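In what follows, subunit A forms one complex with subunit B and a second complex with subunit C.
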Partner chain A sequence: MTFNIDKLKQFANTVRLDMLDMIYKSQTSHFGSALSTVEILTVLYNEILQVFPQNPKSENRDRFFLSKGHACTSLYAVLAEKGFFDKTLLQTYGDDGSLLMSHISSFVPGVEFSTGSLGHALPVALGTAMAGKKKKSDWRVFVLMSDGELDEGSNWEAFLAAPNFKLDNLFVVIDCNKIQAMGETKDIMQLEPLTDKLLAFGWNVERVDGHDFESIHNAFQSLFNKNNARPGIIIADTVKGKGISFMENTLLWHYKSPNQEQYLAAQAELNQI
Partner chain B sequence: MKIEPLKLLGSKPTRHGFGEGLVALGEENENVVVLGADITGSVLTSFFQNRFPERFFSIGIAEQNATTIAVGLALSGKIPFFSSYSAFAAFRNADQMRISVCYNEANVKIGGGHSGITVGPDGATHQSLEEISFLRSLPNMTLIVPCDYHEAKKATIAAGRMTGPVYIRFGRSAVPMFTTEETPFEIGKAQIFREGSDIAIIACGLMVWQALLAAEELEKRKGISARVINLATIKPIDVETVTLAARQCGVIVTAEEHQIFGGMGSAVAEVVVKNCPVPMEFIGIPDRFGESGEPDELLEKLGLTWREIYNGCLTALKRKKSEFSSFRRPTDLTFENKEV
Partner chain C sequence: MRNTFINTLNGKVDENTMLLIGDLGFSIVEKFAENHPGQLLNCGVAEQNMTGIAAGFAMEGFKVFTYSIANFNTLRCLEQIRNDICYHNLDVTVVSVGGGFVYGSAGYSHHAVQDVAILSSLPHMTMLLPGDPDEMTYCTNYALNNKGPKLLRVGKNGEKNVPKPAPISNIYKVIDSQAPIAILSTGGMLNTGFEVAGKLKEQNVDVDLLSSPVIEIEQPELYIDILKDYKTIFIIEEHIRLHGCGSIFKSFLEYYPPKIYTFGIERNDCHNVGKQGYLLKLAGLDADSLSEKIMRLIG
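Let's turn to the complex of A and B:
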């Protein structure tokens, strides 16, 4: 292990506290969807991605696309913690005219692309990876998407195309939190067996606990070491609402934002860590 | 400004202009890349594919994917052109164009081929008659409908040279060719193809030639002086040329191979009503789908010939003199003065 798990835990916890403040103050939604991404983003931004907070558009940067644009609070908090912009900007989240809109926006330093309609970022990342190949660049392309989003046909067009173009510079994480807007993913549209489907499409596939830093990190390393001209994907089994016990695995917190009592309870729980 | 009379020089499909324009662009800029959705031999991206195989990507029959992949290529400095039939390249990927292309201001160019009813025997499903109304409502989009082969080629080259999303609408069938390599073309600038002061006919695509024929007949039969304007760029619209037409001619007829609702005529009406309201008549598809047939038969049957423009002009001119007769729906293509 090259990395310090305690440091990552601390980072993730700070991110969750930032998110809680943003969501409570703005009374916006999608808290649960954002909470399930925290460990994945923590590993990406601390251990995997080559990014340059002082020079976000550096040509050498790895490109990261957040496909589940509604889960933007976690990425905003991560970017602030990494120094892409001043942390005080987080307090403007959801305000009239704020850069930080409630679906991810590329006006924010460090955000590659605006999303909000599901099923767009994967093919955009695919095109970016194709350009990277054409230029013989060293930078890589990463996507974080949701499991509910896999209902969109455009993603399957992209799953078909990426191995066709031998895009071994493209890495995808599916935040498999198993709950979408109106219910459990398995009831709205059955996705399993997901690993088999993606293997059959020609991807390198890893399936891990999406809240375990070491597992996520190892999965990336395993994909990086394949050298078989295939794109890589990590199916990260996660918990919707992870980190705040009364929000975990509940549909309610897809749209709901906390009242004062819930806010204080969540804050107390996170502060104990 | 002296305008040289335009003459019929032959006929050629506008898709040839698009295909040849792409090759010319590919020669001048190595960042130009092309994405195909199978039907490359129809929309003539095959010219580019054959000339620059290493810069051509076959995406399969997947318009949503092709559009968003183009966005990714554009983000990394490429100048991607994606082309398919307008029936699919403007609708199947509508969400992708709205958010990934236009909201993100991606430098993506889309060529919509086989547009309008002149795609012919393929029938209603393939005759896209609605895309102008959708595309011109998208912020950051530039929309061009070239009038003939030469203009299609110039428009394609100009689209590749500008930064930002562009949609070029072109057709399958051979249509009159009447501009030359020397005819001026500039994105955002309408061209006056015939001077006139009694009425202005504003047209795009293949209806520009029909407008010139109608103007000729109006002069010959009635002594009416009709100005003909080629509104190749529908967005951003040339507000000045349109407003001056309203002010100086006092009445306008628009003509397009597209639905009347929301089309080029509607775009003109927005400018006219805002700046200088004058009576207008709209020649276009009257709120119906197309059908199978030969291109020329369909143009006759659906009322897209110089005759409808001519009759529309006479009807509109009556209203210029405030001779109100009856309430007419925007899609009403019955004319009191049906002379020809």
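Let's turn to the complex of A and C:
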């Protein structure tokens, strides 16, 4: 263990508090989908990604794609916390004319690519990873996607292609929070056995608790150490709405934004951590 | 036309150009692969993924061409073109072989007759619609020399070159008879337009024949200067009449005098199958039908 768990916990909690403020003020949706990504993004931005907040477009940066663009509040909050832009910008989230629209925008410093429609980022990441290899670059390409978006055929085209193209500089995390827009993923479009599927497609696969910093970190290290010319993927089992008890594992918080009472209750719960 | 495209690329590209194919281009793309090892990538029969991959390469500074036929790399992956390429204003040229009724006998799946209408509505998109090998060279060079999203709509092999002087502002004045009437050909209709002009001449009607292989949607002034002083313009296209090139030029000339008539395919005529010439005749886009209609309209 090379990192400070307490520091990561504090980082994740600050991110959740910022997200709560953004979503309460703007009364926008997808809070639950964003909350399940927080530990994954916390590990990525503190321990894994080589990024340069003062020079976001540095050629040497690792490229990170948020495929589940509707979970943008967590990435905006993480980028602000890392110093890519002033935290006051977060207060404009969802405002008319704001830089921070409610699906991830590449006009925001530190954001590689705009998404919103599902199933787009992984194919683009394949192209970026291939471009990196052509340039003989050391930087790597990372993608965070949702489990619900695995219904999209474009992702499976990319899952098939990436091992064929031997993209061992490509690393994907599936935020497997098991709830999609109309209910539980297992009832809408069963994905399991997901590990077996991806192994059969030729990926290196790790499956971890997506809220456990050490497990996420170790899974990345394991993938980095494979050296078998295959792309790597982490299936991160997560909880939709993670961190705010009354939002956890509920479909409603895919859509809902908190009223004042709920906002204060959520804030009090996060402040206790 | 396909060979002209590949031959033009072959002589000009550097190592930062990628040609992506959707498992099509047999006996066409091999020359490129030989001359540019590692720069031809077969993405398989997966146009959404291919288009996303193109965007990923382009984000890293590559000039990218996606190559397939009919509607496969235009409509199948429309949202990837819209969101990934056009929204991010990336340097990707979608090369669609078989524009119009080229694959007419193959059925409606292979009739590429809505591509201009749909793709021209996307941000930053430029239309490259060559009518003969000369224009294909012009369009391919345009794609090589200009960044941003483009549709390159390719006809079949074997089109004849129509003799013409160099273009001005993307428009070739193929026949300059100083007439107040012009036929404006777009895409693969150039040879037909030339034939129509000949038939009209036989009936002592002089027309100019114009061809516009490059349509820069955001630069209407390029075209207005050349077109605004005509009394009447007949626009012909192998494409759905509604929202096609005729509509684009009508919008360019909205505040100018020319009376504009558009000839294309009607959108509900979708169940006819047969060779290109047969389908064009059914659509009234053969030289005889067009010259008759034009004669009637000019009285």
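Convention: the second predicted complex is superposed on the first by the 273 of 273 C-alpha atoms of A that agree within 3 Å, B and C clash if a C-alpha of one lies under 4 Å from a C-alpha of the other, contacts with A are read in each partner's own complex, and residues count from 1 in each chain.
Following the convention adopted for this analysis, a contact is a pair of C-beta atoms (placed from the backbone, for glycine too) under 8 Å apart; a residue touches a chain by one contact, two chains touch by 3 or more.
Nothing here was measured: the structure is a model prediction, and the numbers come from that model.
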Superposed partners subunit B and subunit C on subunit A - clash or fit: clash
Partner chain(s) touched by A:Phe113 [first = subunit B, second = subunit C, both, neither]: both
Partner chain in contact with A:Glu157 - subunit B first, subunit C second, else both or neither: both
First, second, both or neither for A:Asn55, with subunit B first and subunit C second: neither
Contacts of A:Ala131 with subunit B and subunit C, given as first, second, both or neither: both
Partner chain in contact with A:Pro123 - subunit B first, subunit C second, else both or neither: both
Contacts on subunit A seen with subunit B and repeated with subunit C across the two complexes: 106, 112-117, 119-120, 122-132, 134-135, 153-154, 157-158, 160-161
Touch list for subunit C against partner subunit A, complex: 15, 38, 41, 43-44, 46, 48-62, 79-80, 83-84, 87-88
Residues on subunit A engaged by subunit B in the complex (per definition of touch): 63, 106, 112-117, 119-120, 122-132, 134-135, 153-154, 157-158, 160-161, 165
Subunit C contact footprint on subunit A (complex, rising order): 106, 112-117, 119-132, 134-135, 153-154, 157-158, 160-161, 164
Subunit A-touching residues of subunit B, taken from the complex the two chains share: 33, 57, 59-60, 62, 64-65, 68-78, 80, 95-96, 98-100, 103-104
